[in-house]
Amino acid sequence: MAKKNKKTGNNNYVNSPPTGLQVIFREFMKDKLAMFSLILLVVVILGIFVWAWLGIDQQQLLRVSLRDKFAEPGEKFLLGADQGGKDIVGQIIVGARNSMLIAIAITLITGVFGVAVGLICGYFGGWIDNLFMRIIDFFITIPQLMLIIVFITVVPKYTVGAFILIMSLFLWTGTARLVRSKALSESRRDYVQASKTLGTNDFVIITREILPNLSSIIIVEMTLNFAGNVGIETGLSYLGFGLPQSTPSLGTLVASANNPLVLQQYWWSWLPAALFILLMMLGINYVGQALRRAADSRQRLG
Amino acid sequence: MWKTIVRRFLIMIPQLFVLSVIIFVLAKFMPGDPFTGLISPQTDPARIAELTEKAGLNDPWHIQYMRWIGNAFQGDLGLSYTYKRDVADLIGERALNTFWLSLLSVFILYLIAIPLGILAGRYQNSRLDKTIVLYSFVTYAIPTFVLGLIFLFLFGYKLEWFPTSGSVDIKYEAGTLRYYWDKFYHILLPSFTYAVLGTTGIIQYLRSEIIDAKTMDYVRTARSKGIPMRKVYSKHIFRNSLLPIAAFLGFTITGLLGGSIFVETIFGYPGMGQLFVSSISSRDYSVITALVMLFGFLALLGSLLSDIIMSIVDPRIRIE
Amino acid sequence: MKKTKWSLVALLLSVLLVLAACSGGDEEPTTEEPEETSTEDTTDGEPAGEDSGSLFEVAVTNEGEAIEGGTLQVAMVKDEPFQGIFNWELYEDGYDADLMEWMTNSLFEVDENFMITDEGIATLEVDQENNKATVKIREDVKWSDGEPLTIEDVILPYHIIGHKDYTGVRYDTAFQNIIGAEEYHAGTAETISGLKQIDDYTLEISFKQLSPSIFYGGDGLWTYAAPAHQIADIPVGELVESDAVRKNPVSLGAFKIDKIVPGESVSFVKNENYWKGVPKLDGVVVKVVPSSSISVAIESGDYDIVQSFNATKMPEIENLENISILGRPELYYSYLGFKLGKFDTVENKVVTDMEGSKMGNQQLRQAMGYALDIEQVSEVFYNNLRERANSLIPPVFEAFYDEELAGYTYDPEKAMALLDEAGYEDVDGDGFREDPNGEPLEIKLASMSSDATQEEIIAFYLQNWADVGLNVTLTTGRLIEFNAFYDMVEADDPEIDIYMGAWGTGTNPSPSGLYGEADPFNYSRYTSEELETTVRAIDSPEAFDTEYRADQFKAFQQHIEEVANIIPMQFRYEIMPVNKRVKNFSFDYADEYTSHLHELELVAEEPVAN
Amino acid sequence: MKGNELLKINNLHTGFRIKDTFYDAVDGVSLSVKKNEILAIVGESGCGKSTLATSIIGLYDHNKTRVQGEIVFDNKNLAALSEEEMNDIRGFQISMIFQDPLSALNPLMRIGEQIEEGLIYHTKLDKSKRDSRVLELLQQVGIRNPERVARQFPHQLSGGMRQRVIIAIAIACKPQIIIADEPTTALDVTIQAQILDLLIELQAETEAGIILITHDLGVVAEVADRVAVMYAGQIIEEAAVEELFANPKHPYTRSLFNSIPQMNSQSDRLNVIEGIVPSLMNLPRSGCRFSSRIPWIPGEAHEENPALHEISPGHFVRCTCWKEFHFKTDKGGGTHELYANK
């Protein structure tokens, strides 16, 4: 007993509360910026969903009105209009909602799959682990952006669903790798070994015992993925492989800056969306940082 | 050490094989073919059929694949349909451009990121640290092309500090000093843009490495020797924290290759990334497949390079 | 002169292929007004046609004192590197042709009707009776390396194009019209038997069948010379990769290649041996400039002339003081096509099935034409650099263009009336009309992708149709990339009911190959006895009578307008920003700068900045 | 400062900041170390031993730690010195040996360099003299082929060798005081003995005062001259080693002794006192801090403000509860037993 305790040394003075949630809460209370970001994010996200749902008729919003091409911010359009004479504010709201739904969908799909694979590999090890690690290694070394572009050109019908699936196909590996390494060290811990000797079902051990201990790290990973996904979508839009016009997204809005003159003269068509992304990303990152600190005092690479 | 390298190369083979099958099949699934754009009403459909047949596009994919891989082993990557040139030559020309761009980007990237990362880690939680972290978040959040366009607009057109497209001005005689300077001058702005955007990862990583290192036992040992803090940082903390960054180099290069698609498009720089995008729209299969394979190979090489660098700089994994 | 024919045209310049433009003109500058454009019946208050016709100058009038020599800075707007195949027989990309214009090997010059004149290096004599043509070259012409031009140089291109190892597309039906070409291509003959060298300066060519196209450089006649002393010994299969094509081609034009930065820029210097005289400029530098930055570059005064400038960027430069914007109608039309049948690949012919097609109702098609507010698009997005087309023959071809045609102009009331009349009514009250049987009607539109503007425009058109109660959706849910688009259209993809395409007409606007019964490019799959007769008549021997030919052209235009299997959408202008320091520059088809490059001059050392 | 006392600690309080309050992990410790003496500090994990050590040498995080009281050395109060002033003392006059030789050496530096480092700052030796001093030191700590080892990296050495290197680093500048924080804990038993022998040997040569921090009473018995037992931040008993082993008084000390398995014991059972050291935040700051672990001792047996009582010359015990203390098993209760780990 003495020997084991030695390792943790002085930490024993501080009784860490057992649940991750309390740690997270404490971490947020300590970091005002993260707290502010969190509140802002929640308010903005809720606001956007409610506004997009109640306040905006998408059909009306997407109605091209040529005479209003690049209308300046003013009475008719609060933040001006884009090339098709469509209201920027409405598009940011709907676009933000779409981008977020997409990012959330990708995050969830990759998260669920990645966590499942990671847990199974980390817990069972052996050939299953070997197999998946080879697959993951493969995914990490292939030129992802290129293959994503090729996939997008190949799909017969390019919809939001197709986009989400293509992105998910490539993005699950990071989560899987992270969760695997954590699950690996976790499953070597005494409590798991003890549980095993007691004859507890593997599934129960994984879901009831290991998973909760990884929850905070998974939350962090997912928040950061979320931020990354918004970025990828934007980039693809710029290269001309973005979502169809009928689905406004933050990416398409920002991509309209692909011409130096629009960039300069019609700043309202892209700048608000770009700032919006920037603020969202900053918020998400600050929240993510706080979560990360809560999850692991020795910070991981971001 | 040589054994490890050889072993790693052997592992690469199945990976590249799988990648080659995937990209080959995908390329075949792409709608349209390289001859679509060439036809005119005077074109005899039989002539198109003849060209398609000659190019071997009518065979089942696995036959085409075997032929392609066979040729590839002999160094023949086929002919670009649009450029009518040997793919190897074409890519070779572009690869050199991308290589210089990436090299300078890496250089500037480390030039910016390492001091910032060190400062942030050294003075953790200070105002300086917070500013640096904010900077790294902001550059992370700005889409590449937005920053690229702003730089292009500002430094290229408004201030006219840098050329705005191409890789070298035609007025300089190839081989002269002025010519190489001009090449350098052309990649400066794209590299800088690129470097600024790439710093986030390294700054964050270096910062947390340093913060971690500060609590390490060997740092305590060093401090117990009574040497000044400044020296503890430079001789113990930084040295150890920079180690994984050095190992990052391989991956950084891989990452840069992916991002070259954006930067080269924005700055009209004729490199491989731009070639890829234009080949996608012209359905130049042989170029697309060759580029994906090359990038895949380089990525693998990058991770190998990382391991090698690591084994050189880290005595713990140095294999004698 | 570029011998270009009809070509598929992508809407975005960056993917534009064989550029449809032609140089020509007399040596003496003419003062003619640009071609009358259309007098079509547009909506009130928007006489777009005539107005835009005179919107632009076609030539710069610069009276300033010219400097000695100087280098002309040319921008070529393009988002990828150029391909760099500097050989008229082998090049495929229109941008390469643009580059070659500065050092052209063209043998002939053409008049304002794009017909071959006697002003060029060579003259053409046609013997209709015996289906023979005689090409005679001047005796004192030299290549840029000082070697004399010989008849060998005129014969060589035929043996390149016809060669079995030739991989280009110029070995086509027209080329096979030369007697002996097919035998040579098959490898059963050493040379093309229809080519007969009369003396050192004369070539006689025998054809299977001659048509009026010969005067436009068609029917298999090749209008360029190739430097035999440089490339005759290179095997045809290796030619395209040889230095003689890629790096140091010998040429006949006013300038010759000095240096090349592959894919980026070409620097030309004056050709001291130019047959029309030593050029006044020292040289020309052509650079590729990405479309995103060209407007700013123009403003900064980086370039003297800008080629392939996209009309959508007009608003970005129209107020600049340092340039003149020259414009001229392009040899182009875009159109809306309705799928009315299939192409039988076994019989190689079009099978029209009006009853079985969703778009088989003529009133429906006409209504769709009337519903489109193309006028507004032309005005808002193109500053009237495009205008509503009323016909499938661009107005530049004055002799053949039917200005009487009403066309389909924006008239939603009429569209709705036509639909009501045809029985397309909204039965279930969802805002969209059902077909006469009461079944829901969803029309699938295939359209090419290009820039963001295109996205907005297509969304606007879909809206126009929705406003008259038609439910039109996009095939595949997005705009389709160029290659895939034409693949699907050609394959009669069942997901396509209507499609929006474009043709560059080349200098000979004959509809053969596009609207004939046996033409795979007859994408709407409509044919009829009347149409087939007319199309054939346009290129028949009788058509050597210009009046007869013009009548047939008009009959063709009227027939298409009536059937509405194709509804013409837009004609367009091409514009060329020219810096204020350039002198003696004309963009007029009848007097294009390319035919007297040696007279170009500059009045300042550097291009003028804004 | 009297006699040959090298270091004197007076009423030292070292507190860690949690949120905005400081909690003392070392709570009013007074000690002194004499020349050529080994003072052992024993106690369970978390009793404040290591904190005490780092307080003396000043290797704590200045943002999160508060040190109050006096640490008098060489007529200076170390607790009040600046970082720079401390640097002149650290590694020169006072040095430290750490517990985990695996992580205490910089993995990227050659052994020779690591030993040499202190010499650069505290001596005026030139490079070649330093090199020979390094070899001498390695030899002194019992390393046979010093030339080779000096060029090696830590991972190439065994645990015992590394601990010798660490000791070499500590004695490089011939310090007057060496603080050894669990120097043998991470080592094999056989190596432990070697390292202890080495320490004694070195002390004989240098006459340094050694503060040996350990939880291992066996080690204490073997090497220490004097012992201080710590519990919950306080010293609860202090005596010469023979006296303490012969006559332990405080219930905690006694329970420590009782928890050592005796080879000749008839019983397979160990006497252990239930419970653990209370955490820093939950520590009662008044009364006898051990009372909660010996609930069968009546409350009135404890002092209200327990002080150290000198019960025989040089033997100090805190609180009066020791007078009432007995092990529950002594009365045959047997509830608080564990099987000895054979």
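A, B, C and D label the chains in the order they appear, each numbered from 1.
Heads up, the rule we're going with is that contacts are C-beta pairs under 8 Å (C-beta built on N, C-alpha and C of every residue); 3 or more make two chains touch, one makes a residue touch a chain.
It should be emphasised that the depicted structure is a prediction, and the values quoted were computed from it without experimental measurement.
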Identifier of the chain whose CA centre is least distant from the whole-structure CA centre: B
Contact-richer chain pair [B-C vs A-B]: B-C
Where chain B and chain C are represented by their mean Cα positions, the distance between them in whole Å: 39
Centroid spacing, where centroids are CA-atom means, of chain A and chain B in whole angstrom: 24
Between chain D and chain B, distance of the C-alpha-averaged centres to the nearest whole Å: 54
Distance from the mean Cα position of chain C to that of chain A, given in whole angstrom: 48
Two or more partner chains touched - positions in chain C: 292-293, 296, 481, 484
Sites on chain B at which at least two other chains make contact: 30-31, 149, 152-153, 157, 265, 277
Per-residue multi-chain contacts in chain D, two or more chains: none
For the chain C and chain B complex, residues of the former touching the latter: 5-8, 10, 15, 17-18, 79-81, 83-85, 90, 92-93, 167, 169, 171-174, 176, 240-241, 259-267, 285, 287-290, 292-293, 296-297, 299-300, 348, 481-488, 512-514, 519-521
Complex interface listing, chain A residues touching chain B: 137-138, 140-147, 149-151, 153-154, 156, 227, 231, 234-235, 238-239, 254-255, 257-258, 260, 263-264, 270, 274, 277-278, 280-282, 285-286, 298-302
Touching residues on chain B, where the partner in the complex is chain D: 216-218, 220-229, 231, 235-236, 239-240, 243, 314-316
Chain A - residues contacting chain C, complex: 62-64, 66-67, 69, 83-84, 153, 156-159, 240, 244-246, 255-256, 258-261
List of chain C residues in touch with chain A within their complex: 291-293, 295-296, 316, 376-377, 380-381, 449, 452-453, 455-456, 458-460, 463, 474, 476-479, 481, 484
